[in-house]
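These notes concern the structure reproduced below.
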Amino acid sequence: MSSTEKTTLADNPALTRSHYKHFLKIPTRWMDNDVYGHVNNVVYYSFFDTVINDYLIKQGGLDIHNGAVVGYAVETTCKFHQSLRFPEVIDAGMRVAHLGNSSVKYEIGLFKEGSDQAAATGHFVHVFVDSSTDKPVSMPATIRSALSALQGSAAQAL
Amino acid sequence: MSSTEKTTLADNPALTRSHYKHFLKIPTRWMDNDVYGHVNNVVYYSFFDTVINDYLIKQGGLDIHNGAVVGYAVETTCKFHQSLRFPEVIDAGMRVAHLGNSSVKYEIGLFKEGSDQAAATGHFVHVFVDSSTDKPVSMPATIRSALSALQGSAAQAL
Amino acid sequence: MSSTEKTTLADNPALTRSHYKHFLKIPTRWMDNDVYGHVNNVVYYSFFDTVINDYLIKQGGLDIHNGAVVGYAVETTCKFHQSLRFPEVIDAGMRVAHLGNSSVKYEIGLFKEGSDQAAATGHFVHVFVDSSTDKPVSMPATIRSALSALQGSAAQAL
Amino acid sequence: MSSTEKTTLADNPALTRSHYKHFLKIPTRWMDNDVYGHVNNVVYYSFFDTVINDYLIKQGGLDIHNGAVVGYAVETTCKFHQSLRFPEVIDAGMRVAHLGNSSVKYEIGLFKEGSDQAAATGHFVHVFVDSSTDKPVSMPATIRSALSALQGSAAQAL
């Protein structure tokens, strides 16, 4: 959440928009700002699971209300390169780094509008489970197909 | 956020209460629950920065309103081993894994009341910066002293 | 959220702890603080629905996961008399002002620990509906009984 | 938050878009959904203070970081006519119902995209205070001018 981590940027392969395959615009909200005047670190993860679930619902047909399969977060991480603020619109970029049988690892980058350098980067691992038993299951074909489209490295037009 | 990651627990050295040196009780709230009936993954990080900042303010003398030094999150991560719910009280455990000149790496474990197995584990890295320039600075002596007390491995009595 | 509304306190019958029948302790969280260093106005309503639902679940047997009846908010209001902060523990007081067939009007007061003057007061109206049809239904007997106990004016011991 | 309050709509003068003078698009987020699959009642107020503060900053020149004057919420209310969901984009409408010397009362309506009937209506009262003393002050001329433009009843083009 500061400009102090510039030294870590070189270690991170996911710092530019071209790394991502799908983008969603997420405006910040008044209450996202914390006492230091920046978007609170916790809220970045809300941007992560918003771009992911928006895509799963709209492109993968995930039914969050009555579906037989739901996605559970099992591991998430975020590196904060630059602070975000309210008011501001964030471009949340997403790609699929690994697609397993029941799990998927997404890479996420958050960009300020007009900037090609990520303000934050991270990943998010979903395991798909049977909504009645909580046991891992193979992900539905519609979801697998939608996620497959986000593998590889060429960026989709914004 | 599910019981499906039991296989990952063996990789994680921070799964029991004895690993942590300081605990704070954090009750869940109604709105923490998401559509799947569990505490949303994002909220776990709110528990992380609540136990950390509560300690920095009360034990380290951090002045979040007018202090010359503030702590910025630069990297956080969480592994979700077990889902949390509302209503429930969480014991957030915290220890210091690395204490640098201007930065500190905390390890955090979240436990259900009465359970000795972490429902979630993760870490959080703070860099202390000058509140007017945003440049990293040596952390104040009161904060360093408070954080030093959370190093090592013997657990403080709850 | 400020001390500037003291003139409105005289209009408000619900300013002291003795007005309420049930209390729940709710600690503030780091991210509750907004850019002005106070708990954001939105978060007060989270304290409202937390004390209410905690009571409905524990005392009224409300099953939020699989119950045939759920409570929907239809109207809420809050007057902010004094700002809250992190870190701080709030005593959320609750009483039932009106108990209908399918609806209930709660009065809520939020108090700082050790203070007998409400930092915020408001009300919250729930309508109980059939969870499959969304149509109003008579509230279950266990809920009605639990809510009846919060009518009247003598305060329950904290 | 349900369709059960249709009977209350007749009492409410602020149910259509033409009542409002300024609109902001606010997409919902994954974590806005609560266990019942709707946007939690608390979050509606976040939409209220987001449209208000976005306008005050962009049109009124409010400086939330270093300004001499800040706006404190003193009273808010919301009637929930229809549930909102994720994913969905909300049109938050805003007008000024009363403009005092140091205070302003806003009326807010939340609309689903493509609908002319408000899903929620409410008001929000701000008092402007000196940021160092917390005492009410006359609002700055730039803010007064921006708010004056939202009085009256003819709707601004979206």
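For clarity, chains are labelled A, B, C and D in written order, and residue numbers in each chain start from 1.
Note that a contact is a pair of C-beta atoms (placed from the backbone, for glycine too) under 8 Å apart; a residue touches a chain by one contact, two chains touch by 3 or more.
Since the model is a prediction, treat every value here as computed from it, not as a measurement.
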Exercise for review: Would you kindly count the fewest steps from chain A to chain C, each step being a jump to a chain that touches the current one?
Suggested key: 1
Exercise for review: Return the chain whose centre of C-alpha atoms lies at maximal distance from the corresponding centre of chain D.
Suggested key: B
Check your understanding: Per the centroid of Cα atoms for each chain, what is the distance between chain B and chain C, given in Å?
Key -> 29
Review point. Taking each chain's centre as the mean of its CA atoms, how far is chain A from chain B in angstrom?
Key: 22
**Study point:** Euclidean distance of C-alpha centroids - chain B vs chain D, Å
**Key:** 35
Point to revise | Residues of chain B touching at least two other chains | key: 30-31, 33, 35, 37, 40, 42-43, 46, 49, 64-65
Check your understanding: For chain A, which residues count as touching chain C in their complex?
Key -> 30-31, 33-35, 37, 40, 42-43
Review point. Any idea which chain A residues touch chain B in the complex?
Key: 1-5, 8, 35-36, 40-43, 45-46, 49, 64-65, 70, 72-80, 83, 127, 129, 131, 134-136
Exercise for review: Would you pull the chain D residues touching chain A in the complex into a rising list?
Suggested key: 25-27, 29-31, 33, 37, 46-47, 49-50, 52-54, 57-58, 64-65, 86-87
